[in-house]
Amino acid sequence: MNHVRQISKVVSLKEALSHIKRGTSLMYGGFGGIGSPPSIIEALLQMKVSQLDLIGNDAGFPNIGIGRLISEGRARSLLTSHIGSNPNAGRLMTENKLDVTFFPQGTLAEKIRAGGMGLGGILVDVGLGTMAEEGREKVEIQNKTYLIEEALTAEVAIVYAKQADEYGNLVFDKSARNFNPLVAMAADVTIVEAEQIVPNGELDPENIVTPGVFVDYIVQSEGVNWQWMWE
Amino acid sequence: MNHVRQISKVVSLKEALSHIKRGTSLMYGGFGGIGSPPSIIEALLQMKVSQLDLIGNDAGFPNIGIGRLISEGRARSLLTSHIGSNPNAGRLMTENKLDVTFFPQGTLAEKIRAGGMGLGGILVDVGLGTMAEEGREKVEIQNKTYLIEEALTAEVAIVYAKQADEYGNLVFDKSARNFNPLVAMAADVTIVEAEQIVPNGELDPENIVTPGVFVDYIVQSEGVNWQWMWE
Amino acid sequence: MDVGVDYRRVIAEWAAKEIKPGMHVNLGIGMPTLVAGFVPEHYNVMFHAENGILGTGPYPIKGGEDENLCDAGGFPVTAVPGASFFDSTMAFGIIRRGYLDVTILGALQVSEAGDLANWIVPGKRVPGMGGAIDLAQKSKKVIVLMNHTNKSGEAKIVKKCTLPLTAPSCVDVIITERAIIDVINNELHVRRILAPYTMEEVISSTEAELHFS
Amino acid sequence: MDVGVDYRRVIAEWAAKEIKPGMHVNLGIGMPTLVAGFVPEHYNVMFHAENGILGTGPYPIKGGEDENLCDAGGFPVTAVPGASFFDSTMAFGIIRRGYLDVTILGALQVSEAGDLANWIVPGKRVPGMGGAIDLAQKSKKVIVLMNHTNKSGEAKIVKKCTLPLTAPSCVDVIITERAIIDVINNELHVRRILAPYTMEEVISSTEAELHFS
C-alpha cells in the first residue's frame, strides 16, 4: 500500500537518554520537584552521567526532582532562581563543587522562553538596585533603565507532560506545567516523559500548550518515585 | 446573607466603549479581520470616534475587521506589519492622512507581548540587513548583532474571544486567536467581545489562554456583520 | 525572642485586614500563608501562586491532595471557580505588569526607606531570590511579616540594610509581633503597638527611627 | 509575459518535489498555496500558517468553511490530526527558532546572492512585510516561485536587487515558468530549463549571470 506510517517520536528511555552525556547542558522542567520528570531523573542517576550544566527554576529537595541529581553531585553548574529547599546544593556551592548563578525567577523564565522563541534576549527592570544587576549590560529606553538579559538555550531539555501525542504535542497537569513548556522549546533535543501517550488527533488542537514541532523524543512515564514533603 | 456577589465584568457596549475617545491609542486583535471584534468595531463606527492611534497585525480588508475604521479615516497612525489587503490604508498613507510604521510580523507580536508581560522590550535579529533595522538601536551579544525592539502598550485593547467567564478568563476560536491574547495583556483597559459569556468555573482552568486579571470589561458579541472575501 | 504560634496567627490576622474584596494577592512561604485563613471567602480574593496558578483555594481535605496542584511552596492547594493554570512566564507576567494588589512576604531586614533584604546572608545562607525580587519590586503593596528582632535579639528594622537588597523602597507595611508600621516617604510610622508590648519596647528593639502620630 | 494558470500549476508541481516526508512547510499567498495540492498526503507534511496553526489541511468542502479556521491569507482551511492552534508569538517562535524546513513565497526580485525583495515598491506599492522577513530569514530552505520577468518584460532575477530587501542571502531555489535555478555560494546554477523555453530565452530574460553544469 502506498502509505507511510505517521512518524512516532515514542522511544525507550535508553534511546532518548543517549543524548545526555558527561558535560551536557541540560534544562529541566519542575518547580520544587513538581513537574520534574521522575523516570528520566531515575534513569540519569543509574546512568552515572555527571558534570552536567543544569538550567532550571530551583534545586528541588534533597530527594525530590532534580534535587536527586544535584545531591549526588552530578552537576558542575546550575543556573537557577533558588536552592533554598535543597541544602545539598548549598553545601556543594560552598565547597566550590557546584557553580551556581542566580536570576530572579520571572527573568529566568523569560530568558528560557526567549531562547525557545529564537530571540536574542529580553529587557527587564526587575533586579535594578540589587545584586541581580551586577555585571549586566544596561540600556535606556524612554528614560527608563533596563537590564539586557540574554536568551538561554541548552543541548537537551527534559520535560514532564500529562499527555503527549505521537507527534509530540503536549498538555500539562495543573501546577506541574511551570517551566516545562519553556524548556521544551529552548533545547536542541527535547525529551518528554508523558504520563499518557495518545495517537495524533486525540488532543484538542485548541488546548495544546506545546506544539509537537519542538519535541524530539517521547518516553512513557513510570510515575513519581519519590515522597513529597507534605506526605 | 453575608454574601458578596462575585464581581462580574460584563457591561453594555456603550459603557465599555466610553473609554475610547478621540486620540486614544488602541490595540486590536485580528489577522485579516479574522478574530477582530465585529460588534465593538461597529459601535466605534457609529460613535464617530476619530484620530485613533492603532496597533495591530494588519489593516484588515476595506470592509472587514479593523479595515472598516481605517477606511473611514478614523485612525491617524498605525503600527502594523502590513496593509496590502486594504488599499484604503495605502491611499491614506500616500495622502499623508495615516502615519504607518511597519514591523516584521513576529517582531510586532513579541513587542506587544513584551508590553503585556511588563518587559522593556526584546532583542531580535529578524530584519537585519533590511529597512526594518533603520533607526533601531543595536546590541552585540556573543558576537551576534540584535535589534533592540521596545515593548508596546496602549490605552485600550479590543479583543474577540470565543468564551469569557464573568471574571474575564478567555478562550479563543482556532485561528481567531492570533493577536488577541497578546493585545489583551498590553493595554491599560482591555475590552473583550465574547461570543459566549459563562459563569466562573465553567471554563477548564487548564485551557484558559488569557487569565481574567488582564480583562476589564466584557461585552456580548452580536456576531460577525461583514462578508468574508471567500464568501 | 521567637514568635510563637499564637503570635504568628495574630500577625497573619492583622495582615489579612489589608486585603480588600476582589484583590489579587500573593502570599510568600511561611507565616504569610497563614493569612489566607483570615480572608473572608465572600471577598472573592484571587490568590496568585507564582509557579502558575491564579485562584488557589485552601488546603484540600486530608487524602484529597493532588501532587500536581500545589502552591509555590510545594504544598497542596485547591482551585476556586475562575482559577486558571499557566506556565511560569505568565505567572511572572502578571506580577511584572503590576497586577498584584498585595504581596505578603518575610524579611531578614527592612530599612527606613522601605528597602527589603530577604534572600541572602553572605557567607552563610544563599538560598537565592526565587520570585522575591519580582514580587517585591512590582506589587502595588508589599507587606512584610516577620519577627521584630532576629534570633540573637538584634533589630531587623534598621536605618539601612546591611544585607544584600531584594528590592529598594518597596515595603509599604511591616507587621511584627510588636507593632504595625507604615512606610511613608522614607519614614516609619507606627500605626499600632500590639499587646503586650509597650512603646518603649518597640522603640528599643528597633534600630530605625520610628514616628508616632 | 504573464504566467497562465497552467504554468502556475507546473511551477507549483516542481516546487512540491522539494518537500520531503515529515517536513514543516510554510506556503505564502498566491502561487505557493497551489503547492500543497501536489504533496502526497502520506508524506504527513505539517503545513504552518503564521496566523497560528501548525497542521493545516486542504480547503474544506463547499459549505463546510469555518470563518475562524483560515490560513494567513484569509482562506478557509481544515486541520489535520496532530494540528495545534496558538497565538502569533508561538507561530513566529516556530519560524524564528528555525523549525520550518521549507518556505515557499513570491518575489519581486531575487539577486545572484540570493537576496530577496518582495515587500515594497518605493513610491508605488507599500503593502508592508507581514511575516515575509521572519520567514525568509529563518527558514532552512527558501523557495521563490515567480514569473521569470515582470509585467514590463524586465528581468526579476538580477545582479543586485534595486528594491528594498526582504532578507539578504536567503533564497535557495528559484522556480519560474522558464527554469529551476539553485542559488549556491552567491551563484545561480540552472538546474533545469522548462519547456517550451530554450537556454537562450532563459539567459536573455535574466539579468544575473547564470551557470550551467
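For this structure, a couple of remarks:
So that you can tell them apart, the chains are marked A, B, C and D in the order they are listed, and the count of residues begins at 1 in each.
Rule of thumb we're sticking to: contacts are C-beta pairs under 8 Å (C-beta built on N, C-alpha and C of every residue); 3 or more make two chains touch, one makes a residue touch a chain.
It should be emphasised that the depicted structure is a prediction, and the values quoted were computed from it without experimental measurement.
Of all chains in the assembly, those touching subunit A and also subunit C are B.
Put simply, the chain farthest from subunit C by mean CA position is D. The distance from the centre of subunit C to the centre of subunit D, each centre being the mean of the chain's C-alpha atoms, comes to 56 Å. Work out the mean CA point of subunit B and of subunit C, and you get 36 Å between them.
Once the centre of each chain is set as its mean CA position, subunit A and subunit B turn out to be 32 Å apart.
Contact with two or more other chains is made by residues 79, 85-86, 89, 92-93, 95-96, 138 of subunit C.
Contact with two or more other chains is made by residues 110, 117, 119, 124-125, 172-174, 205-206 of subunit B.
In summary, the structure contains touching chain pairs A-B, A-C, A-D, B-C, B-D.
Touching subunit A in their complex are the following residues of subunit D: 21-22, 24, 40, 42-44, 46, 54-55, 79, 81-86, 89-90, 92-99, 138.
Within the complex formed with subunit A, the residues of subunit C that make contact are 49-53, 65-76, 79, 85-89, 91-93, 95-96, 119-120, 125-134, 137-138, 164-168. Residue ranges of subunit B in contact with subunit A, taken from their complex: 110, 114, 117, 119-125, 137, 139, 141-142, 144, 146, 148, 150-151, 171-174, 205-207.
Within the complex, the subunit A residues that touch subunit C are 31-35, 57-58, 61, 80-85, 90, 93, 100, 102, 104-107, 109-110, 113, 124-132, 162, 172-182, 209, 224, 228-230. Contact residues on subunit B toward subunit C in their complex (touch as defined above): 2-4, 6-7, 116-119, 165-167, 169, 185, 199-201, 203, 205-206, 208, 211-214.
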